[in-house]
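First chain written, first letter: the chains are A, B and C, and each begins at residue 1.
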Amino acid sequence: MKNFFYLSLFTIHYSLFTVFFGCGKIQKQKYEGKKVITLWETYSNEEHQVFLDIVSDFEKLNTEIKVNVQRVPFSGMRMKLMTSMITHTAPDIARVDVADPPRLVISKSIIDITPFGAIELARNLVSAAVNSNIFEEKFFIPGSTSSQKHIFGIPDQTTGVALFYNREMFRRAGIKNPPENWDQFVVIAKKLTVDTNGDGKIDQFGFAMDNSLWWSFPFYNTFGVKFLSDDGKNCLLNSDEAKKCLQFQVDLYHKYKVEAGAWQAGSVSCDQGFINKKYAMIFSGPWNVKKFKDSGIDFGIALIPKGKAGTSTNVGGTDMVVLREAKHPKECYEFLEYLVSVDAQKKWCNLLGQIPVNLKAYSYIDTSKNPEIKVFMEQMKTAIARPPVIDYDQLEYVMNQEIYTARTREKTVEKALEDAVKRINEEILNY
Amino acid sequence: MSQVQGQKTVVFVKSLILYLFMSVGAVFVLFPFFWMIFVAVKPEGQAFSLTVSFAKPLWKNFISIWCDPSYPFWRFFINSVIVATSGGILTTLFCAMGGYVFAKKDFYGKNILFWFLLSTMMIPGMMFLVPQFAIITKLDWINTYRGMVLPHVASVFGIFLMRQYIETVPTSLIESAKIDGASELQIFGKIIIPLSSAVMTTLFLLTFLFHWSNFLWHLVVNTPDSSKLTIPVGLALFRGQYQMDWEKMMAASCFAIIPIVIIFLIAQKFFIEGLTTGAVKE
Amino acid sequence: MLKSKTRETIVSYFFLAPFLAIFASFLLYPIFYSFYLSFRTVSPTTDMFSVFTDMKFVGFSNYLRLLKDFDFWWSLVSTGYYAVLYIPLSIAASLMLAILLNNQLKGHSLFRSAYFLPNVLDMFVVGIIWLFIYAPHYGILDRILTQLGITYFAEKGVLANGKTAMLGVVAALVLKNAGFGMILFLSAIQNISVSIYEAADIDGANEWQKFKSITLPLVVPIILFLIITGTIGALNAFAEIYAMTGGGPQMVVAGKTVGATNVSGYYLFRQFERMNYGDAAAISYFLLAITLVISYINVKLLHRK
């Protein structure tokens, strides 16, 4: 027993020692004579495969460059990038959320790609997507007053939401077409909010909405709400448009009673409710088209209903940025240029059913294969980029808090917006 | 006679109710497991659809997890096993040693050291992430098992747990062993370890679990092309910006919990063994 | 006498050496370093490639800002609420399980495994299940209660109601973690020899009396342990909040909007995520100071007894 004990202790220690100190570091692959670019991306499995394909196309055209693609989980990218910069192990190119560039620009963490001709390139790109990468000199140079525009990244993917509606429910309610404006929307939504099994409880709702700011941009943008003053120093959310817009959101739930309450903490989310035929209309994006189709719902996609400012939507997606310590910035830019080229975009969007970022690629998109994408391409033309604040997450946070209390009617619409303006001015704009 | 029978019926009904109650409770707390399996056998994108449809073939997701060449699940799996096992063994051993002296020895600086250690436990671990990463980088331990394991081996929680338990071991046992001429190491190896094997197993299990699910640290100390990436990082790859690959993720999670279940079942034996040796006490 | 203590000291530090070596190399520096960071601040222009050297020294202003932040004070309140709910409930649940699953029951090891297993699950998976249960309109809980004529949860469910949200989160967590406490209690209870209970039976003691005079005194150290680890759990609470409510639902307290489940761990996480390392460090040390004061008072009170 005693011997066994010491023997096992010894074995454990020995094996731990070999595991820890025996095997050395992994061997870095060598690409003789090539300029190696390290790129961190956060694509899904499916996207990753197509991306690798595009990279190899690029490498065939540029034989002196090797792009070393590495995958990072989306949810860990910001943390990974932050820590890697501190220890100077950051990649050359990184795929970041559209909310990230302002902070990266102002802290001089990513390089200005204007000298490589990026402004020229940007003219062909979807403006709402590329605008998240364009900054005026006064934004990033302290004391400067110049409005000279500089570009710091290239959008690799752009998305926005549109109105998804359940065709079957529309047919049952005798509705032919999706709503074109918010007035029609309310009328239709009322018809779709019904008690299907007659137990006195409503079990099918005309509409379901999310609470977060990003998901509410379609409302704000169609109502013509302006978030910030031109100098970016003041929040303008106490305007009449903003009040009307928020009041409308509140009314959908409380007055018209067509909204399912999906914005409340812990309720059935819009996607889940739509798949399970509980919600007749939701906002959603291209990423859900396949999922919804596979689940066998008969659905259509329409433009966001028109408000005072016409139809519009939000902008999401990601940008590729070149980090400050990149060894071959020019080659990095060449790759980004290729990534948004018509050839690459054609491949990417047709295989994945996504919205192209290059306007020139629009005509090459095979809409017979992905008819849904047509609506999104149309919708993106009127999309409005989110307010360019340094700490977008905090803006989301403040808005989510204040808007929630308006939607629960704990605060009046006026009070909620007033408080939001005050907090945004204090915590975000003049921080 | 009838009274005895009546008593028996009462006992029977009592235990029946108890069984029923415990079974309902067990099904309830195990519900997440059933859901994981339910989702894992669904076709892609159908995780939240309540309509019952299954992937064809049923095991498609389970198989594709292991077969995807761009997703080295077996690597993640092996790495996780190595990291969690070595972390668990080292932590348990070191904490048992530390807990023993805190429980049974009187030495200079004991109280102040113990309270210092205990108070550091109040600082959320998140705060240590970046400085620890800086240390690991300085040591050039990026992409190594030791970089993933060693910083978390010094578990104050473990020392505290071990101390609480070893305190219940009668000092008389140690004294008599000393009189018999046992060395300090022998006392530790032959009295303390066997008597606290139940709690050591618990600590091992908890530490194993901690390492098994330590996403942030494993993400940070490995470069994305590292061959040492673990399951939590692998699972996170299924989580995209707007959508999530629930079916594959749950299929992978089903595999990920197997080692823990096995270890728990083995550990159960230890609990009982440790408890029977408890009969030695008093 | 003194000599033997010296000897004991040498032996003790020999045993502690591996632990302390690792503690010193990987925790001591971060502990002091984060304390140092609590007097510095990151601004948007701080160079991310050398964040720590580029952070500005600001004296106590991180702490002062905290003191002025209503959200922070509220997070302390909700953390206290969390602890007050979580600690007694989890102790009661695990003690009850341990008593029920004590050796007398056949198939006890099967049940033990069943109740312990949720511990190994990811909080996100558990959270999703509970969202299904708690949801308004379609949630299982609401459906059952509506059948019974209780419509309290019909509109908001459990988690969108400021009054019940925290309880909902805590209940989910208690059921997830009870198995761990159960194991700890079991190992203590099973040491009680059956003869003691039999003797009590002969004396005509009922179940409650047996529990109070035999079982309870033996498990006091474990209860103490669970109280302390429960407090630490409350201060670090994050995953369960993130998975289930995201700090919500929002409600109005004293004219300010606050999140009903916005506990200090979640508040800290948000600062950390926004790269406000200075604020995050200040929060940690502020919380540490509070807990030290509380435990000091506790120890003093206990000693007076």
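One rule holds in what follows: a residue touches a chain if its C-beta (ideal position, glycine included) is under 8 Å from a C-beta of that chain, and two chains touch if they have at least 3 such contacts.
Just so you know, these numbers come straight off a predicted model, no measurement behind them.
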### Message
With centres defined by CA atoms only, which chain is the most remote from subunit C?
### Response
A
### Message
Give me the two chains with the most inter-chain contact pairs.
### Response
B-C
### Summary
In whole angstrom, the CA-centroid distance of subunit B from subunit C equals 17
### Task
Averaged over CA atoms, how far is the centre of subunit A from the centre of subunit B? Could you give it in whole Å?
36
### Task
Would you please write down the residue numbers of subunit A that are in contact with two or more other chains?
79, 86
### Of all residues in subunit B, the ones touching two or more other chains
130, 134, 150
### Residue numbers of subunit C (touch at least two other chains)
52
### Touch list for subunit A against partner subunit C, complex
78-79, 82, 85-86, 88, 90, 103-104, 106-109, 142, 201-203, 260-261, 264-268, 273, 278, 324-325, 390-391, 393-394, 397, 400-402, 404-405, 408, 410-411, 419, 431
### Task
Please name which positions on subunit A make contact with subunit B in the complex.
2, 5-6, 12, 16, 19-21, 25-26, 40, 42-45, 48-49, 52, 68, 70-76, 79-80, 83, 86-87, 89, 97, 159, 271-272, 275-276, 285, 287-288, 290-292, 294-296, 316, 318
### Message
List the residues on subunit C that touch subunit B in their complex, please.
### Response
5-6, 8-9, 11-16, 18-20, 22-23, 25-27, 29-31, 33-34, 52, 100-101, 105, 109, 111-122, 125-126, 128-129, 175-176, 179-180, 183-184, 186-188, 190-191, 193, 221-222, 224-225, 228-229, 232, 235-236, 238, 265, 268-269, 272, 277, 280-281, 284-285, 287-288, 291-292
### Query
Which subunit C residues qualify as touching subunit A in the complex?
44-52, 131, 134-139, 146, 154-160, 165, 168, 244-246, 248-252, 257-259, 270, 273-275
### Query
In their shared complex, at which residues does subunit B touch subunit A?
43-46, 48-51, 68, 70-71, 82, 86, 89-90, 129-130, 133-134, 137, 140, 142-146, 149-150, 189-190, 215-216, 219-220, 223-227, 233, 236-243, 245, 248
